[in-house]
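Okay, so chain A shows up in both of these, paired with chain B first and chain C after.
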Partner chain A sequence: MSTTAARSRARAWPAVAQVGLVAGGAGLLEFLTQSGYISPMVLPPPTEIVGKLGEIVPSNVFLDDLGSTAITVFSAFAIGAIIGLLIGIAFWKLPFVGAVFEPYLVSMYSMPALVFYPILLALLGLSKAPIVVIAASMALIPIALNTMVALRAIKSTLPKLGTSLNCTRRQIYWKILAPAATPLVVPGLVLGFIYAMIGTIAMEFILASNGIGFRIGYYYRSFDVVDMYAYILVASIIAIIVNVALNRLERRIRRDMQ
Partner chain B sequence: MTRSPSTFQSETHAATTRRPTAADEGRGVRFDGVQVVYPTSDGSIEAIREVSGAISDGRFVSLIGPSGCGKSTLLDVVGGLRRPAAGTVAINGEAVSGPRRDTAMVFQEDSTLHWRTVLSNVAFGLEIAGVPKKERETRAREIINLVGLSGFEDRHPRELSGGMKQRVAIARALLLDPRILLMDEPFGALDQQTRMFIGRELLRVWDETRKSVLFVTHDIQEAIYLSDEVWIMTARPAVIKAIVPVDLDRPRLPEIMSSPRFHELSTQVWELLRVESEKALNIRGELP
Partner chain C sequence: MTVTSDPPAETAALAAGQLEGRRERRWALPAARITVPIAALLIWFAIAPITDLVPSPAAALAELWQGFADGWIYPGLASTATAVLAGFGIGVLTGFPLGYLLGRNRIANRIFEPLIAGTFAVPRIILYPVLLTLFGVGLLAETGMVAISAFFPIIMATSAAVRQVSENLLKLGRSLRANRRQLATKIVIPDAAPAIMVGIRIGFSISFIAAIIAELFAAKEGLGLMISEAYAALELPRMYAIVLLVMVIAFVGNILLWSLERRLRS
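So, the complex of A and B:
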């Protein structure tokens, strides 16, 4: 047996165990629900939920919800990214401003932004706007902090090199500082996107008329347990896929830029 | 300027050591009463009191002095990165007022752009200067070959050792075809073996390109091995305390470091430097 085969098998074992855990867990739940140990009002059998999934995913209701949530997440992320990047740059460029406002930003990290929804509801009305505002404000924090840290971490030799080569300011920014900061800015953007997603779905739960989060709440309130769980499953699968995709992207960017 | 009384310069030494000739007058770098003052929160610090002197074309000059004495500061002044409080630095008779095309710098810290390949790193200076991609890459390949990095054109800095990264920085500087190369402790972060090896490589490259070099270092052996002249700076506020001409044959191989003459020169430089190092340590309170 060659060592590479042994090594790839060693790497395969955790994956096998992970799949086994999910399958085993689902099997156990299936047994507990089918045998009546768990009431179907608490949890319907997993096979029923998965079966429902096939019905839901191609339906117009689902596609509308998905589209609506996606639009909200992307707008919140875009706004959060722009503001977050600007704040990060300002904190780096103006050390005094950074020193004054950094603690506020850090403490916002732990603040449950969702609790501000009544205020925003009063200010902005029952629309997508309060959702976007809250999701964006959640997204901008890691983006701003990572951007600031990334810019501060750049060794002074690099801009000095730029000056000695007669770079214009613009060239120093775009050809040196921006690419030098990217490997640390990107993880902030990834985290920001995930926060935008969490914020949006959570807010839809309480204040929306469509969207994935709204649909889960809607089925919850109408005791439609199977549909609710099917939607929860869909939301989880989407979140996992997005996370995996973003992590891959991040790793690639870090590899190419570092 | 002091010259060692024990100089036993033979005819062969004189023939192989470059001496400034009449044609060199006005060419090269001239320092004229350069003074540098740093503003700090509590007043200002005079880093350099007065430096005057000249590096004639094609000479290799090392600048040695106690740490914190302003060697790098002087280099920054020549590179146009810092303005002197008084006096001027002139290159070929033109006063330096900012970064120029005929100076190129190599820094102590890694200054490679880690998102770019070796080829694109080396070509970076020409890219900024607006040289078309094809042309700058062709020229970059030649220099990469010269510094012994061929085969690594498409690698990224993370795949290179510290010594190789410094070669990339040297290649980038050489590609600009500067009149004077300003090297700020370029091998300071490397281990002793790599240092010796890359020093020899630098001499080989220098022999082929014949740039003027102003080389800041802490290392007496390195200074003597590489240079035509060693300038010794005093502790802050710095002046040039002495200039020691190095009359060793070129091309030099590392073996020269065990020659008696090399030892004499080392001792001479160390004697001049020792007092200054003690003073510098006293200023910082590191000596009783």
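So, the complex of A and C:
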């Protein structure tokens, strides 16, 4: 009994230190802002920001922004996932095509695909469409690359086993290849979702008519410092929660599959 | 975190190798690769006459040429380059030593790594307004934005690279009575160098992207600002010209760092 308690305490100390660090940092900022060392025009006291957060979160403006951003992220992810999976499968089925396009796909990682945003704005107008296109194109890259690597990594004995057991083509695909590839495909999907979210918020920030990213820039431009910080905080918290939740999910799926 | 975090250069090489097995096809792969950008250019040529929103590639290239000949591109180019290089430099100078510490010190690692990794999905650009309120619109805020963006991939890659240095190598070093500094400079860093370079290359790409996004939002000078000005004035050839230039710079910078990375690997 006491050993398990000691062990769980030993496992908990980094979390305690992390909470302490974050709380200490917030406390220090609170002191510096309350005592006037930091002007409230630069940084309002953290308690004021958190108080504002309590006002913002139930408000209609926030819920509309959140809904708009969520719809954009999910549609971009859905499009990116479908195209990415298809590209990954095509590159695996047709190795020559894969070898031709792969360097371009990899270098799109580093390409500021985002600079196409003004072009897409000109083409598609100030709507969700240009954001979805950019975010989907960012999401599809890790999904395509991981799918291709996952399928290539499957040992050829597995489908052979299926053939010797008289599996149909469909059974080989759905019962053998898909489960075998899942542990490597899922991290690609997770990364793709995160890229879709980063791309969406960043594009909204540059130019949009609503959304969480847009609201941050909007409050910056209207000098509403407290609202601006509250929105930065809420956007960060959402991103952190999504990240942690997806990583847990990924670990769980990989553990179940392997 | 994923198999693609170390870009699949090897898998590309593998696939290329498999194909090269068929001798007659050896020239086919580079030839096919070159046709991809040519095809893209042809598609651009084909689309341009259909819509007013896409200028012809010739018009965009002529505009770009004019930019260099008349000199209107230089102030923006210089400003963006300054922000990228200064910010990226700060990112390396802070991210690399801190990443080394994080990789070598187990306590620091267990406390800070989850904190840093947890913020992976936070778009760094949303911190730009904070830097703008601190420093005002200008090069300083932009450089800060670039530095923050470059810092995270570099610290994470360095920490992971340092941690995977084999324990046997370290034991060997200690048995030869290497001191801390010698362990770092003669064993850990050389062994981790290729993986650290991956982080530095990604950091550079992200630096460039961050500078452009920051400039699209608010800046006094820079290529991103010129893009958004050209967009607002509907000077489409100029907008396409600058976007083209940004892509070429990003591509060349990435290729250079990639070849450096490959040299370290071999």
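In this section, the second predicted complex is superposed on the first by the 255 of 258 C-alpha atoms of A that agree within 3 Å, B and C clash if a C-alpha of one lies under 4 Å from a C-alpha of the other, contacts with A are read in each partner's own complex, and residues count from 1 in each chain.
The rule is short, and it goes like this: a contact is a pair of C-beta atoms (placed from the backbone, for glycine too) under 8 Å apart; a residue touches a chain by one contact, two chains touch by 3 or more.
This is a predicted model, so every value here is computed, not measured.
Legend: residue contacts after superposition of the two complexes on their common chain; A:118 is shown touching chain C, with no touch to chain B. Counting the residues of chain A touched by each of chain B and chain C gives the higher count for C.
Contact with neither chain B nor chain C is seen for A:126 once the two complexes are overlaid on the shared chain. By the touch criterion defined above, A:103 lies against chain C but remains apart from chain B after alignment on the C-alpha atoms of chain A. Judged by the touch definition given at the top, the superposed model places A:152 against chain C, while chain B stays out of reach. Of the two partner chains, neither chain B nor chain C is touched by A:245.
Against chain A, in their complex, chain B makes its touches with residues 79-81, 98-101, 103-105, 107, 109-111, 113-115, 124-125, 128-129, 158, 176.
Only residues 155, 157-158, 160-167, 171, 175-176, 179-180, 182, 256-258 of chain A touch chain B when the two sit together in their complex.
Note for the complex: chain C touches chain A at residues 1-4, 7-9, 11-12, 15-16, 18-19, 25, 28-29, 32-33, 36, 51, 53-54, 110-111, 114-115, 118-123, 125-130, 132-134, 201-202, 204-205, 208-209, 212-213, 216-217, 224, 227-228, 230-231, 234, 236, 239-240, 243, 246-247, 250-251, 254. Looking at the complex, you find that chain A touches chain C at residues 14, 17-18, 21-22, 41-43, 95-96, 98-104, 106-107, 109-112, 114-119, 121-123, 142, 145-146, 148-150, 152, 184, 187-188, 190-191, 194, 197-198, 201-202, 205-207, 213, 216-217, 219-220, 225, 228-229, 232, 235-236, 239-240, 242-244, 247.
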